[in-house]
Every structure is written in C-alpha cells, then in structure tokens.
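One chain, chain A, appears in both complexes that follow, with chain B as partner in the first and chain C in the second.
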Partner chain A sequence: MPQDADRPAPLLRVRGLEVAYGDTPVVRGVDLDVARGERVAIVGQSGSGKSTVVAALLRLLPGAGRITGGTVELDGEDLTAAGEARMRAVRGGRIGLVPQDPGTNLNPAMRLGDQVADALRAHGLRGPAVRQRVHELLEEAGVPEPERRAKQFPHEFSGGMRQRVLIAIALAREPELLLADEPTSALDVTVQRRILDHLVALAESRGTAMILVTHDLGLAADRADRVIVMLDGEVVEQGTPEQVLRAPQHEYTRRLVAAAPAVVVAQGEAEAPSERPGAAEGTGADAPSSADVVTVRDLVKEYRVRGRGGVLRAVDEVSFSVPRGGTTALVGESGSGKTTVSRILLGLEAPTSGEALVDGRSISGAARAERRALRRRVQPVFQDPYASLDPTHTVERVVDEPLRIFGIGDRESRRARVAELLDQVALPRDVAHRHPGALSGGQRQRVAIARALAPGPELLVLDEAVSALDVLVQEQILDLLADLQERLGVSYLFISHDLAVVRGIADNVVVLRQGRVEEQGSVDDVFHSPRAAYTRDLLGAIPGAAFAR
Partner chain B sequence: MTVIEHGDLSPEPAPAVVGPRRLLSRLRTPQAITGAAMLAVVVLAGLLAPLLAPHGPAEVHFDAPFQLPGTVGYALGTDDLGRDILSRMMYGIRASLMVGVVAVGLAVVVGTPLGLAAGYYRWLDAPVSRLTDVTLAFPFLILAVGLAAINGPSLSGAAISLGIAQVPTMVRVVRAETMRLKESPFVLAATAMDASGPRILAQHILPNCLSAIIVQATVIMPAAVLGEAVLSFLGLGIQPPTPSLGIMLSDAQQYLGRAPTAALFPGLAIVAICLGFNLLGDALRDALDPSTDRK
Partner chain C sequence: MRRYLLVRLGQSAVTLLLASMVIFLGVRMLPGDPALAMAGEEATPERLAMIRADLGLDQPVWVQYGRFLAEVVSGDLGESTRTGASVASMIGATLPVTLWLSLYAIVVAVVTGVALGLLAERYRGRWPEWVANAAALTSLSVPNFWLGMLAIVYLCIGLGLFPASGYVPLTDDPVGWVVHLTLPALILGTGLAAVIMRQTRASMIEAMRTDYVRTARAKGLGRTRVLLRYGLRNSLIVVVTIAGLQLGGLISGAVVTEQIFALPGFGKLTLDAVFQRDYPVIQAVVVLTTVGYVLVNLAVDVLYSVIDPRIRVGGRS
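And then the complex of A and B:
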C-alpha cells in the first residue's frame, strides 16, 4: 500500500470534486491524491467523467460545465477559488497538459518550433535562449534533427511526431504535474508504445508527477503506480495495478479486467487453443478450395499521387482467403492498405491488377445483374456507428432498405424479417421506430449488423467494426458476432488495427504493413510463434500483455 | 430467439439529429423569436392587404397630398398624389414577398437537382460548376434588363431573373453537402447493397441536405426582396401604378425633402423583411446543427 502511511502532503489533493454540465452532474464526489513524482492512471469508458476531471483540474471545462463542489488543492492552494490570472500561471507553468489528438492541437499555419517557443515566452524566457531551449526540448521529446524540423509545419509531421511536439510543449515550463488525456489513442499501436515509453521516461527523469487518462486498463496497468477506475462520474476502485488487475473489488472492474484484450490473450494461452470451424484449413492463398468464400490473389491497387506524377501502391500483391463459415482477420496500422482491400471486395473500388473473388467471381468486373447477386452475398459493417446509419431514417427503415433493394418479400414479410433481425442482434423490437440518434454506440452497431445480415449474406466485411466502442461494449459485440457465426454460418473478414481484439474472433490472421502481407497463418501460429519481426512488434505493443502473464 | 442480453451497458448520450419537436424547443431563442415576430407582422400585413388596407393601392386623393403620418384616415400619411402610404405599403409587401417566394422556389427547384447531380456524379461536376460560375459572373441586373427587353418589365420577369441569379449559390451549397455525404459510411453501405445513384440521392442524400437547403433559402429570400426593390427602383421590375416597396422608394425620392416619411416607411418594411429572414435563418442554422448544443 504505497499510498498510505507516512507520506508527506501530496502535490495534488482533490476532495469531493463535483462537476456538472448545465443541470447534469457528470463527476460526483471524486477524491484523488497525487504525490510528487507519482504516476496515477484514471481508467474508464466514455461518459465516465475521466476527461472531465482533468479539464476541471485545469478549470478548462467546455461549454456549460462548471465545478459545483469540492476542492482541488495544488501544494495546498485551492485552485477552485483561484482567479483567472492565477490559473493562467498554473496552466502550463505548474500543470502541463498533453492533449489527445495530435491532429487538431497544433496550429497548422505555424512552424512547430515557434509553437514550442510560444510556451517558453509565456514563461518569460526571452532572446536567443528561447531557440536554444526549443531545440533541447524537441530533442528530449524524441524529435530527430530538431534544428531542421523546428522550421517545419505540422502537416510535414506524422501523428506520432506531432504528439512528441505536444509533449515538448507540455514539458516546456517544467511543470510539477503532467496531465495526459488519452495521449496516444489516436496513434497506431506500435507508435503508441514508443511515445508512451518516452513520455513515462521523461516524466521519471524529471521527477514530474503524472495523471494518465485512458480507456485502456492494460495500458494503465503498464505505466502507472496507481490505477483509479471511474464509472458514471464516481471512483469505484483504486489501488496498485497488481491489486486492480489481480484482485478487483468492484463488479465493474472485474468485468473490465475480464474484457481487457490483453488479459484475454493471456488466458487464451493458458487454456488449450480453442478449436473453431475452419480454423485449420485454407490459409494458403495459392490453393483455393471450394471451402473458401473469399479468395484474394495478387491484389494490387495503385493510386496516382497528385502533382508529383508518382504512384502510390496502397495494396501490393496481397493474397489470402476466408474459409466458409470462418473468420480471417486483416491486421495492420493506418496506411497498411487493409481498408482498401475491403473496399475492393465490396466492389466500391476497382483493383489495379489481381483479383478479389467472392465465390469465385469478382464484383468489380461483373455485369450489372451479376454484381447485384454478388453484392447480396457480401455486406459491410463500418467502424463509426455514428456515421454508418442515415440519421433521417428510422431503425426499421435502415434494416428494411436492403430487403427492398434486393426485392425480398412483400411489405408484411419484410416487417416480420426486420423484427427477426432485431431479435438476432439482441435489440428490443421497439427500437424499430426510433431514429439512430436515440441509440447508444453499441446499439447502433447492432443495427448496422442487422442491416448487413438482412439480405442473407455469406460474408460480412467488418471494417474496424468494434474499434470505436468502449471495451465492455466491444466485448458484447464480439460475443454477438461469434454467436451469429455459429448460428447462421456466416463468414467474416475482420479488419482491425488491434491484434488483441483479433485473438478472440479470428481463425486466420493476415498481418499487413504498407500494403504488403508481412505474415499470415492461423491465429495460434501468429500469436505463439510469430515469424515476422513486425508481428512481434505488434504483439509486444498490446498494452498490458507483459503484465497479464 | 437468442440468449444474448439486451442492449448495452453504456448508453452514452448521443448527439441526436435534430427532430421537428426538438427543433422547435431549440428555436426558442431571443434571436429567433425577434426574427419570427418581425416576419409575422410583415407577412400578415402583405397577405391580408385586400382585407385590411384602408384604401385602394392606386386610389388617388388630389385633395390630400403630402399628409403627415397620424392624419385621420391616413395613418402613415399620403404621397404626392394623396395615395395612402399604409395601403400602398401593404400591397407593396405583397408584391415583394411574391417575388421573393418565386425566386426562392426557382433557386430550390433548379439548384437542388443540379447540386445533387454535380456533387454525386463526377463527370457532371465540371459542366455544372462552369455553368454556375458563368451565371455568377453575370450581374443579375444585366439579366433583368435582358428579360425586360424581351418581355417588357414585369413582376414575373423580375422574379425569374432574381431566381436565376440565385440558382448558383443553391447549387454550390447542395453540391458541397452532397460531396460530403457521398463519402459517409451510410452511403457506402447503401452502395454496397447495390442501391442505384438516384435511389441514394433521393433516400439518403437529399433528406440530409434539407437543413442546408432551408438555411440557404432564408439567405436567398431577403436578397431577392432587396433585388426586387432595386429593379423596381430602376423601372425594370413591377410597373406603376402597381405598388411595390421599390417603386415607393423610387417615387418618394422625387420629393424626399418635402415628405421624407414616404421613403422612410417602405424602407423600414424592407429592413424588417431582410432582418427578419436573416435572424431566423441564423437561428435555424444553429438549431439544425446538433454540434451547437447550448443550454
């Protein structure tokens, strides 16, 4: 119990913090202590109030948000009572913030060096020392060639590099406390790990205390001295990562631990590898059998790059197959070409060369009538449940649409079919008359699955279908998908950036990197004895993996 | 039937699309109410002119020219021919609003399909866009002069030329919305279920464009009313003695020094119409946009 006993007064001491947006309370009675140099992780799903706590500490609540009770003491000074001028000195000066999205938190029209310099000038630093310090900070944050790169603009930097710049800005004024609000969730997994390692090492070497906000329990356990779990605006559990992961007290934490992908990986490895239909056969692309729904052979997609006359190979000689009634996972980071492959399969784009066959035939090359028949067999589920349903339609109309387009049944039988589909995805029937706007993210994704199932397809293309969902909802949707596969015999092409999620659902895994297949094989082979260095990198980047062992 | 538990653990509050009922409650802002009230007064006065106007619009009273506002029988005074300014204004508003409605109708009816087609079908984009560019380059005055030359100056000529002049802005708004929606996952999903282009446009894209179209209509309306006043002022629109707000301004200009009120009231009516639509349009745009949630 490191947080008990003879500790000196904590750096940050929050007591009974209450925050409301308008009349809606979102944070209720949160207590929080952070000692000097301590790393505390706040874990929770969206809507749990974890980001609101961070915003409240800085008194930067958006819109109608305000602190309605409690105290926030930094070194004994109550920040809830501090004036705005005092808060400006605290922000950046004593408390640094690493924001979530590197894409929008830098000024696109300003050189990166100048943006770091701004933070230093606000600190009162002047003259040539500023430039000197900017270069030092960028170098410390892991930006190579800082003299040259300081003159560049944000669009010339990758997401990971931009996040390093944001870290440099947060550390510019040597704060005693660093707030990191989902600092890496917008980044690829391998980049995520490097950035987090770096951030933690930097904080450690400077003795900076840190609050790390994340939805990922594994990630929190890896990096924090203490983990705080929030649910519906309240702290439901706190303790060392050991305590929280190994002996969770609260019901919610137990479910969170059970759903954490990395822990599932570890458990899966402890048990005997599960046998699933189609798991063994049909990975080799050069030997297509009738057991395969999808055969992709030497698929190439090139895009002309504007202006430079160059050609970008988004997909480079990719071959794989999807066993009938089974699941093949396509795993890769952004830019790996996984979405392009799915769009070609769906007939939304034409390949440059090679073929993507569904039941031996290609959608993009097919004549109108045949294309229609093929499209009935392949249906997509997309990532963003908020954008994938027409907001002006009711759920019934959404699910009914493919039935109408493919001319299945009359009005009466279609209505019965919609009700049946809603049952299948475990939605109450009365959602049929609601609009998507009235549904939660998980419910919407169920509607999207019902729509995709409506014409009775053989293959669902699940393009990051669970990536936008909270961990627990994610687990439910994955369960639903497994259940549907068992009952309906539908095959899945499961596209994800997250290797950990894939473990539970896929039979085969295809690892893509920059348009090429790095490795493919059965799930057990890829997870137990990865051949490609890149796969090992991806596996190592699964947060919490090391801990769960 | 299935064994999976219903629903989810975390029904996060979703930013809903703004439905009609929520729209009304979101429109209860001082801005929207002011705009709506101004328009209600003006529109009612115009619509009910034949019932409420104390005098005929062209009724001449040679015995009572240049009466001041407040004179018995002539609430807002009379002009040089002793015509009742209040009555003429009510009929004038009628004419102005008619021109506005026709112009907006024309812009919506012509502009929306062009915008949808240009945004959705890539090969149509260049020709339609060039056409709108050319139309935009033409001042609507030139167009009105041309139409007047062919048909003689008239209310319908003014309305049509103003409508044509507003088509490009509507095309641009709808085209931009269409291009944005075309890439949205729900349209991709419809494509993947083999929905045809016209079906996607009618079922998915048009309904989602409606709020943008409505807001744009509230921008076009005052522009058309102002345009009518300009055309009539120049003698290219409605012909005297039929009153319109523009004609009243044009007439009043001749004796501005003697009876400034003859210009003041129709001017105020134009301001009320334009301001009313602008206020209401701004409020509508905010209310229709789910991201501007303010409590």
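And then the complex of A and C:
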C-alpha cells in the first residue's frame, strides 16, 4: 500500500531483527527493506547469519532458534507478532521459499506432483483444478512432460530438475516475495546458470520481489538490484552491485571482493596478458616429455551398468600430462569423469585401457612392492575437510599415519617431521595434540595437506580441495598451495568444477565433459581464446564474470 | 519390483533350508530318549529297538534328515509320540488361536504405538508427551504375566468386563471370539506398543528436522498435516523393522499369555510337547515358527519397498 507517490512503503521492512539459538545471538540488529519487484542479495560466508534471516522471516527457525527482538513487517503487518494460523497463510501464500539443497528438500517417499499439489492445497485449492495447476507449474518451471514426471519420485530426477520442482512449489501460490536460499549452490555451473536465469525470469514476469541468499559475491552482483553484505550476524555493507564491488566501504567487503575468484578472472582478463607468479611455463599437454611427472595416454574406464548389460564409459580416451613442479587442472561438471581419472592415478581403480603413468610407471599395472613405492609418490587431498579426517585421532596421529605406513623414520624423527609439516602448512605446533573437531574447515584442510605431504610425494591430487571452503579461506589455501609448490617443487593435479578457481592456480587446463576431453591447453589459451563451445559455456556461466567488464 | 520379489523369495528358501537343518539337529541333541519315553522305564531292549526302528531312529542322521525334510515339504508332520494323534491336526486345532491372538496384538501394538508416538511428537514438551512416555515406560517394565493377572483380578473377576479364560472360534460366535481375545491381545500387545511408540517418536523427531519438512511447512501446511504426510511415512521404515523383529518376542509372549488366559493355542501345545519330549510335535512347532519368521521378514522387505520408493530401484530390470 503506497503511502505517498514519492516513497512507496516497501513490501518487506525488517527493523532491528535479532535472532538467537539458545543464548547465542546469531543475527544482531539487521535492517532490511525490499520493495515490490525488487531483487536483493544477501552475501556472507558460512555462519554469517544470512540463512538464519531467511528462516526468521518465515518463522521457521530450527530447534532452539527464536526471534529475540525487532520487527518483520510485510505490508505493514508485523510477522513476529502474528499467530501460527496467520503465518500459515503467509508461508507459501505471500512468501515463497526456494531452498538450498535439491537433494534433501523433497520428501523421498512422495510423488513430486503431490508435493507441488500440497503447496496449492495448503491454501485451499481443491478438486481437479489442483492437478491441472500442478502440471502448469511444472511446465513453467521447465520440467518437460509434466503429466508423466509428476508421478515420479525425487530419486528419478536430476539435481537440476529437482530444483525446478522446488521452484514450482515456491511459485505455486504466486507469492509477492520469494526467498531463495543458495538456490543453486549444489548444482553444476552451467545448470546453475540456466536455473537462475529461469528463476529470475519467472519472478520478473510476475513482478515477484526476491531475496537471494548466497556466498557468491559474483552471483549476487549478476542477479540483484541491491547487495547486502553480512558478517557475524550483522549487515556490514549495502548498496548497488556497482557500489559494493567497485567501491567497497567495509574492510570485510574489500577482502571479499579481492578474493572473489570470478572477479579476479574478469580483472585478469581486462589486464591480459597476465603475469602470474608460478612454476613451469605451460608444457604442451599433447607432447609428453620427461619433464612431465604424470603422463596419461588414451585412458579409458568403463563400468558395467547393472541390470541392463550395458557399459558406461566414464573416461573416454583421455590424454594429458602434469608438468614437473607445475599444475594441471581437470575441470568438468558432475559426471565428467574427473574423479575417476584421479582414482586411477591414485591406484584406487584400474583403467580399462590406456595408461596413467607417474614418473613413467603405472600404479595399477605394477607389482605389489612397486605399487607401494609408487603410492608414496602420489598423495590425495579430498574435498570435505570434515569427512576426510578421523575425528577420534589427534592431528599428530593423522599427519604421522602415512609416515608409519611407509615405515619412514623412527618415533623421534617422525615427531620432528610432523612438526616440520605443520610449520609448512602454517599451523601452530600445539595443534598437533588437538582433535580435528576443534579445528575450523580451513585448518582441517591444512592438516589434510600436511598429511598428503608427509611421505614426500611428487604429486598431490587435489580433488575439489577448496570447493567446500568459504571464499576468504579458499584464497588462503590457494596461496598456501602456490607457496608450497614454489618451495617444495611438488606437482599438482587440481580437480575442480570451478573454472574461476582454476585460473589462479593452474598452468594447464583440461576441460572434461562426459568422460571426453573437450579442450586442453595453457590457462591463458583456454581462458582467452576457448575453442570448444562447451568451454565458452563454462566460462560464461561463472557468476560475476560478465559484471566486471 | 518383480525381480526384487523373486530374489527375496529365493533368499527365503535358502534361509528355510538352513533353518531346517539346525532345527533337526537341535531336536536330536535334546537330552532324553523318545523311545524310552514311549515305552516306559521297564521296557526291554528289544522293545526299545523296535520302537527305534519304527521311528527310523536307528538310521544315519542324514537319512533321518532327508526323510524329515521330505515329510515336512509334503505336509506330513508325523504323529505325536505321546498321543499318537496326527501332529498336523493338533497344529490345525491350535494354530488359529495363536495366529489370531498375535495378529490382534500386533494391530493393537502398531495402532496404539504409532498413535501415541505421533501424539508425543505433536505435543512435544507438553503433557501428552509425558503421559505417553510414562505409559510406555510402565508397560515396558511391568512383566506381561503380572499385567495379565492384574487384569484378570480387576477387569474379569472384579468388574466382570471380560471372561477370564477360554476361547470361542470365530466361525462359531464372532462376538464371543472378540470378547475372549481382546484382553489377552491387549496384554500381549502392550510391550510391543511401548517399543513402537518410542521408536516412532524417535524417528519422528529425526524426520521433523529434515529439510523437506521445513520446505513443506514453508508451503503453508500446518504442523499436523506435515507430521502425517511428510514425517510419518519416512518414520514407518523403522517402525516396520522393529515390529518385524519383535514378532519373535510376541510368539514367546503368546506362550505365557495363553497359559494365563487358558487359551488352547500354539503356545500351550509347545509347552506341553516340551515337557513330554514329544519330538514330532516340538519339531513341527519350531519349523512352523521358523516359517512364520521368514514370511514375516519377507513381508517386512516388501513393505519397505512400498513405503520407500527408492528401495524398488535395486530390483528393477
């Protein structure tokens, strides 16, 4: 309801919002206005309170969470004081939610059509009109053959398709405000872009306002009219994407902008040709030489598909190399075969044909004793810093384990080696006696790197090793990796779905798609003059890249 | 789905075969000599040998097992060494009583257990949860036979609400059948109901924390609707598993309950047979119980795939 022509009252007006879990405040004095049809992005790292704000708006805080102060006015009505019945009418009816993870946000035991229908029935729609509307909604959200697919269960859908169903649910009752909580961060970049395009177009055509919660500053800049930056439960900065990215006021925002990989890419592109500090000049990937620590030639890995008697080619004639002391990046989306290649190199799987050689020798083809020696030269660092360290072991035991396994040194020398390794990854030595549970995600990943370095490998296989980390931590770990490479001369096979991150660390890039090499070459070639259409797609899908032009 | 069923059926057959060996050997290893039991203490060695030959006890064990298996498969369970009556007919007379009793008890247990579990979750932290918890704890800690005797003293003799003993077949008098079975089924079902209640509540709490429940609530659905449509079905897997596992307890519970209420059931038959070393009867009872177990497990697996559509995928051709 506009009060006067000059300043229409905002659709949503949040003042001094305070939220606490138990006695711990997590959101402190947040002010937020969203006008009708406006798109506002809330950016922050994990723990910044951005998702809590969204949950508080819907009054769906988990467990001991509760609103301890402030007001949330929707069209002038204070939702913090509204009764449960009133909130039911608001949820779905006036405020729709697009949640983060399409894998966990649909009931696995219920047909998708019914889950969309519930969003209609909750607001009183009955009879055959429901089914009709469900099909329309699915169609609008981009689900093909809605009549047939409405009868399927979530496990029969891909992640992207499930997210489309969740969008259909959120839009079912044409809400005035859409809360999109990291709506695409669980999806591949190209899928992510298509879904976001679609979501924004749907919202735009209906005049729906949107709050887009994301950890990705580039994505926020691309999609929002206004960007709000949160840190530790408080809003530290807000403004247009231009203002926030070009002239960040707050110290934290400045660091965030500096670290945002996409923006770095775009700037790098503007300043090209770039001068990256780093090792070996791009060794031609197609001409394997003794300067390469890894040579992969015509690698094929097939899996038998159960039940159908068919064969799935997960890796299809892949060839590339990793220069000694340099970094080759394998880039691709889920199902591209990048992890399978890494497992073969680590000797965890045998190739169907072709070879994956480390120092000219194959792990899978080697005899037992030799395989052991080769394993020592190739060490992995995995994605999830929470799952890849045994929570019952101390850090010292974790880092010491490969030394014990390979029988390196005695007790005293091993202890000294662990201390040295912790120094190398810039962890304080007293961390040695702590358990992983007491460490942050970034610290854990440093422990994982120390463990990988312990037996003195020539190659580290970094499988999405920074993907689970917040942007600032990600930057620190990437710096550490570059530093270690310079000092120790260790080579990296850097596996990632994120082209933006690859740009900063790799010498060569291999772009994989459905098991095949789409394109490979030096970082500069691939980023500046991509040959394959798919690479251009991937590059175009990097959020924020377009913005920084 | 069909392939899934076939695979499970095959597994069940193998299980039964293995179980039959264990049963056969187990019964053979019981102390006491059936020939001696039949002939009496003063029997001559010749008489004993004759009885043994008659029963096939003088043959090698594997021959005895083969014969046992062939007979069981053909439905011939032999004759009671005690009364000479056909074991099949003895079981035919007693099994329905126990089957009805167990079925009744399971229905009672699942219905009250799930309902109380739902109530406890729906009103978490309020009095319905406390009452449900207290009821569950009480029925878990009070033994069945004690509960049964209390019920007889107060409900049957004191208030005259139920008959204290006896059984009327369903076909003779449906009302009498219900009246006679209700109290034993309630008593037998309480323990299981408590277990199911606690399990339902625990897995409901788990389910209500999931993302899809929050998404359902964000649609504007009320708590109760979400509880029933999104929470319950995903909790049922655990409930079905527990109910299936507890069925064994139910059968041994039936032995006690039948004694208390003087029901002429399978439990009573088993007990009498064990006391009298009536090998053929014991064997038949154990075989049937095993078959029952395997069938229940099969049913549980099939129920899984009905409840959780993802389980069907594995067997799809």
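Note that in this section the second predicted complex is superposed on the first by the 526 of 549 C-alpha atoms of A that agree within 3 Å, B and C clash if a C-alpha of one lies under 4 Å from a C-alpha of the other, contacts with A are read in each partner's own complex, and residues count from 1 in each chain.
We take it that contacts are C-beta pairs under 8 Å (C-beta built on N, C-alpha and C of every residue); 3 or more make two chains touch, one makes a residue touch a chain.
Keep in mind that this is a model prediction, so the values were computed, not measured.
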item	value
First, second, both or neither for A:G93, with chain B first and chain C second	second
Partner chain(s) touched by A:T184 [first = chain B, second = chain C, both, neither]	neither
Which superposed partner A:Q485 touches (first chain B, second chain C, both, neither)	neither
Contacts of A:D470 with chain B and chain C, given as first, second, both or neither	first
Touching partner for A:Q424 - first (chain B), second (chain C), both, neither	first
In the superposition, chain B vs chain C on chain A residues touched	B
First (chain B), second (chain C), both or neither touched by A:Q163	neither
First (chain B), second (chain C), both or neither touched by A:N508	neither
Partner chain in contact with A:N107 - chain B first, chain C second, else both or neither	second
Residues on chain A lying within both footprints (that of chain B and that of chain C)	63
Complex interface listing, chain B residues touching chain A	1-17, 19, 184-186, 188-195, 199, 203-204, 207-208, 290, 293-295
Chain C residues within the chain A interface of the complex	209-212, 214-222, 225, 229-230, 233-234, 307-310, 313, 316-317
Touch list for chain A against partner chain B, complex	21-23, 45-47, 63-64, 346-348, 371-372, 375-376, 378-380, 382-384, 386-393, 401-402, 405-406, 423-424, 426-428, 435-444, 448, 451-452, 455, 470, 472-473, 476, 479-480, 483
In the complex with chain C, residue positions of chain A that touch it	55, 58, 60, 62-63, 88-93, 96-97, 99-101, 104-110, 115, 118-119, 122-123, 153, 155, 166, 169-170, 172-173, 307
